[in-house]
Amino acid sequence: MQFASDNAGPAHPSVLEALIDANAGYAPAYGVDPVTEGARAALRETLEAPSASVQFVTTGTAANSIALAALCPPWGTVFCTPVAHIHQDECNAPEFFSGGAKLTLVGQSDKLTPETLDEAIRAEESRGVHGPQRGPVSITQATERGRIYTPDEVAALAQVAHDHGLALHMDGARFANAVVALGCTPADLSWKAGVDALSFGGTKNGLLGVEAVVFFEQGRDWEVQLRRKRGAHLMSKHRYLGAQMAAYLDGGLWLELARAANAGATRLAEGLAPAGAGMDHPPQANIVFARLPRAVHARLKDAGAVYYLWDADDGGPEDEMLLARFVCDWSLGADQIDAFLALL
Amino acid sequence: MQFASDNAGPAHPSVLEALIDANAGYAPAYGVDPVTEGARAALRETLEAPSASVQFVTTGTAANSIALAALCPPWGTVFCTPVAHIHQDECNAPEFFSGGAKLTLVGQSDKLTPETLDEAIRAEESRGVHGPQRGPVSITQATERGRIYTPDEVAALAQVAHDHGLALHMDGARFANAVVALGCTPADLSWKAGVDALSFGGTKNGLLGVEAVVFFEQGRDWEVQLRRKRGAHLMSKHRYLGAQMAAYLDGGLWLELARAANAGATRLAEGLAPAGAGMDHPPQANIVFARLPRAVHARLKDAGAVYYLWDADDGGPEDEMLLARFVCDWSLGADQIDAFLALL
Amino acid sequence: MQFASDNAGPAHPSVLEALIDANAGYAPAYGVDPVTEGARAALRETLEAPSASVQFVTTGTAANSIALAALCPPWGTVFCTPVAHIHQDECNAPEFFSGGAKLTLVGQSDKLTPETLDEAIRAEESRGVHGPQRGPVSITQATERGRIYTPDEVAALAQVAHDHGLALHMDGARFANAVVALGCTPADLSWKAGVDALSFGGTKNGLLGVEAVVFFEQGRDWEVQLRRKRGAHLMSKHRYLGAQMAAYLDGGLWLELARAANAGATRLAEGLAPAGAGMDHPPQANIVFARLPRAVHARLKDAGAVYYLWDADDGGPEDEMLLARFVCDWSLGADQIDAFLALL
Amino acid sequence: MQFASDNAGPAHPSVLEALIDANAGYAPAYGVDPVTEGARAALRETLEAPSASVQFVTTGTAANSIALAALCPPWGTVFCTPVAHIHQDECNAPEFFSGGAKLTLVGQSDKLTPETLDEAIRAEESRGVHGPQRGPVSITQATERGRIYTPDEVAALAQVAHDHGLALHMDGARFANAVVALGCTPADLSWKAGVDALSFGGTKNGLLGVEAVVFFEQGRDWEVQLRRKRGAHLMSKHRYLGAQMAAYLDGGLWLELARAANAGATRLAEGLAPAGAGMDHPPQANIVFARLPRAVHARLKDAGAVYYLWDADDGGPEDEMLLARFVCDWSLGADQIDAFLALL
């Protein structure tokens, strides 16, 4: 009954086997080993982007920060939502890597709309040398609230960004969950929809810790490598990153794991509804937000369920509805979900 | 016949087994899982430093940069040798993490002496607000040239630093090799000798990629955690770092692996000497520097030996002696060394 | 009919005379000359703060950025309003000087209230190492919209900040205008109300270009000097800064100039009201915001009036009311105001 | 008898008169006023560089830091001498503005030679992503030791830099003294000799505090303006910078002042020689280095002479020769020099 985070789940056994396989004998350090080269090629193939720059790091914050720093000068600003991971959960890493760029918070929710984005960009238009200069747009897919941008929605945002001469970055920590939910191709959801740079996640979806910085735009690879090294993110025994990513992409494992995670969320939501839980929206990926009475939360926690209580619980009426976030990872068994639902 | 780098070697099987063990089920993310907590405790015990701050990162550059940034203000300068890894091989990461501090290069070799250090520190004394302000001293143990500071030598440098009110940082990427070479305790070679902060290496000595930032000084832990997170170095599935480090320390595996690596270097050096190779100094850790004729290098490389030619090889007389660096990792078998020597 | 900005006005003749006086012969460079020392002492006396740190720079952005960087770690966030000069008009200088801190925008207006401030601070409380850490509060006095915080209002905000262990910074680019409007002492409006650091403005109020970074808290002076030098803001021929500031404070010239500027705004507002101009609020300092029909703006501009049209003028009905900002500087004559009003 | 620094001397009366003239009435802020535009045009004309980017700041450190940051990425290194002002006397400002670039110290003296420069650049060639990347070359004209690069010497260094694809920056804090000493044109000594960016000094040579950042390369102007604003160096009442620079260039005043300063140094050196003072080299600009017995120094200081004792004076034999630096500014009268010499 573990719904705290997909970061709390294990790596997939195939990934560990790949580590063991990659461990035999010597391999060149710093990313020029065959395993890593293979994994980079595999991701380019997966994305149908044969000339993309693909480089690996160990955290999503690193992927985001390196990508954004390459797109945003120190005197610029990144357009994102107020709940963006890059704003709320990265301890100023994007500001650090960019040399002091700002983040301009757009709208009130977890998703940008073309209208709010356009308005926000225009609002930064008029201050000349005094204001921050307009930098890239960054969206999260799936969002921090478990919602998804369709390819058309991404394309509409890309259009707005590009019309202003700005790039579009996608924080794809849960990109896999979005791809399987939409039933589209990775290319449909990235460069074909106008995404210029993608943080391609793996950690939350069955790896020990690998993310890729992907630039579809040509000519960025060396800069990404320099920013990675200077950020102390160039792993010396790089084959272990390559091995994880290769196993992840091999045979579509990454999609299979995301499907399992999303299915968990669907099962959970279907079970919660008859139990009277109010849901903000039907789960689109692997995250469920639901409201339950305070007394029910107490009972669930006592029974060992682990999840994140979104509303502050500072005591109050037993029947007050409190919002909770449930994240389903790939390894979450149907039995655990059912056991949880049985407690309701 | 692989002597390129200890970064090219594999991880020890016990470490991979520990990963598999740690992979079972759920674990809290971001470093508060029991495996990580255990590994932190084990390192504190290994160092006989029960109140030390111990935090894990995935690269030595990260460990060094975070430690130095905590010790050096942006307007300061770090005293180190001209061949220090932090100067030559980290692509300005220490400058990045510190916000623009300098590195003052002291002496001409891989080891600081109390005299050269004291002179260099005094030379930065007199410029008031105009010059960089004096920051920490950083030494590498074992050095980039494979030499070792004895505890007395470390203590003498610490004395100089402390007399000027400055801290002593040790880049211990090969700390294990130094400890076993000296036959002292880890405490003897660190805090008992006056070391204030230690980058405790694991990656070069049998891990996939884990280093520890250790502060013996109280009150640094939270700052280290903030600097790590802001540097995008807080691994979410932290148990995999903890598991590696726990296996590394368990039963003295780390010392056993370092002994094997050092023994390889000794075996190699003993074989090279009768073959007429000129050595700069007898190997003290796991690195051998030796001069061989150009023609011999050509023969060795043709036979598949891999090592780093230190002198540029831009063509020249066959009998010209060229300096080469041979690094022995823990996994290098005596048979490989002997096969290599047989080629001479 | 110049209402564009108090930056467009001249320096007071006494200030130029002081420059000429200070120009005789030699003087030690870098701020240790007697003229500068005298000016620093005079400002401490003016503020009734004999142990305050007082250092001079040439721009308000420098004063703000140095002060905030001293108060906010790179992983922190500064609480300010969405229209704060430090946010909108300093091209990321506070982010630059702080090494990448954030600015958290509080409320919707130009003034913080204790309630909105407290709520914003609390909202940043719970993310541990993941979110930005809470840093100083910064308010502008008089605000960017020409309003004023009373000593009681400042004290209430200081109380909130201090209750959370945070410092209060005041951007006092128009501090003089606030002091004379309130009829209080400079001390009442700064340290006695809980202000920890003050950017004490001079440029907008009759100097060529001098602002002071003031820390009431002990022990900050050397850090301010280092940050100033590292920011390339330590003027070598410092006597010319000292001379300006000394003349500014001498005999209360600074208050006299601010009174003149404020009186201009009052005269302007009184003239606008009968002309049917809608005012957001009566002017409290030297800035007037007023709404006039588009057609009137066109007429005024044609007649040579210079001021800032706040609402975008992208064409529209002649009778549409457009918001304009009028800033009165110390040198603005009553005749110019009357000539302007006569145009209405 | 003031030889401490040309920063200790006054501004020329014409410059103050120009301030007074510029003070009349209103002028647009932030550098778009006619006085500033005129001064920018005048400097472009002086340099015979009609399309150069010219922007003003108030300190030489700002000019250097902005120019170097525009030329050097954060992962790069600047090649300069070990006594360069940017290294020794700017408290890490170039590192700050560049976001953490290094300075690589070349040679042992105050002047680069093509050979030492080429060797140093080549030495940074081979480390791939690990080492700092090679950035611009920076030379000081006249040097910190009062020596001068001829146009041919500059051209030879530019050739080396350009052959490696690197830019050449000139710290021209005493550019005027070099131009008049050489009898060449400003163009001969800058862009015609291959200089890409010039910090054009004024403060040491009769201004209150103005330096220009000059880029001969097209397309740099907007970046310079952004870096200046973000560094808090965009003076609002910019006319006072423009007025100083205009007066400085008008009628060749800047060259006249430099001639006076250089003549002072020549007169001083000619007087010192018969008095037995050992000189490192004949003065080439406005700085004299000379060795005098300790007892003589004591006598001179007692008599009120002010200059910088280069060797540490920690007590010793009366006849020990101690090196001293004498800087002559434009205002130093022959009578003061003669009075000083009479003391010998």
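Order of writing sets the chain letters: A, B, C and D. Residues in each chain are counted from 1.
The definition used in the following text is that a contact is a pair of C-beta atoms (placed from the backbone, for glycine too) under 8 Å apart; a residue touches a chain by one contact, two chains touch by 3 or more.
Chain labels with UniProt names: A, B, C, D = L-threonine aldolase.
Since we're looking at a predicted model, the values are computed, not measured.
Each step here moves to a touching chain, and the least such steps from subunit A (L-threonine aldolase) to subunit D (L-threonine aldolase) number 1. Bringing subunit B (L-threonine aldolase) onto subunit C (L-threonine aldolase) by least-squares fit of CA atoms involves turning it by 180°, to the nearest 5. Between subunit B (L-threonine aldolase) and subunit C (L-threonine aldolase), the centres computed from C-alpha atoms are 51 Å apart.
Per-chain Cα centroids separate subunit C (L-threonine aldolase) from subunit D (L-threonine aldolase) by 34 Å. For the pair subunit B (L-threonine aldolase) and subunit D (L-threonine aldolase), the distance between C-alpha centroids works out to 42 Å. Annotation for subunit D (L-threonine aldolase): residues 30, 74-75, 90-92, 96, 99-100, 129-130, 133, 226, 229-230, 234 touch two or more other chains. Subunit B (L-threonine aldolase) contributes residues 2, 4-5, 7-11, 13, 16, 19-20, 23-30, 57-62, 65, 90-93, 96-97, 203-204, 208-209, 226, 229-237, 240, 306 to its touches with subunit A (L-threonine aldolase) in the complex. In the complex of the two chains, the subunit B (L-threonine aldolase) residues touching subunit D (L-threonine aldolase) come out as 74-77, 88-92, 95-96, 98-103, 105, 126-127, 129-133, 312. Contact residues of subunit C (L-threonine aldolase) toward subunit B (L-threonine aldolase) in the complex are 30, 73-75, 99-100, 129-130, 133, 225-227, 229-230, 234.
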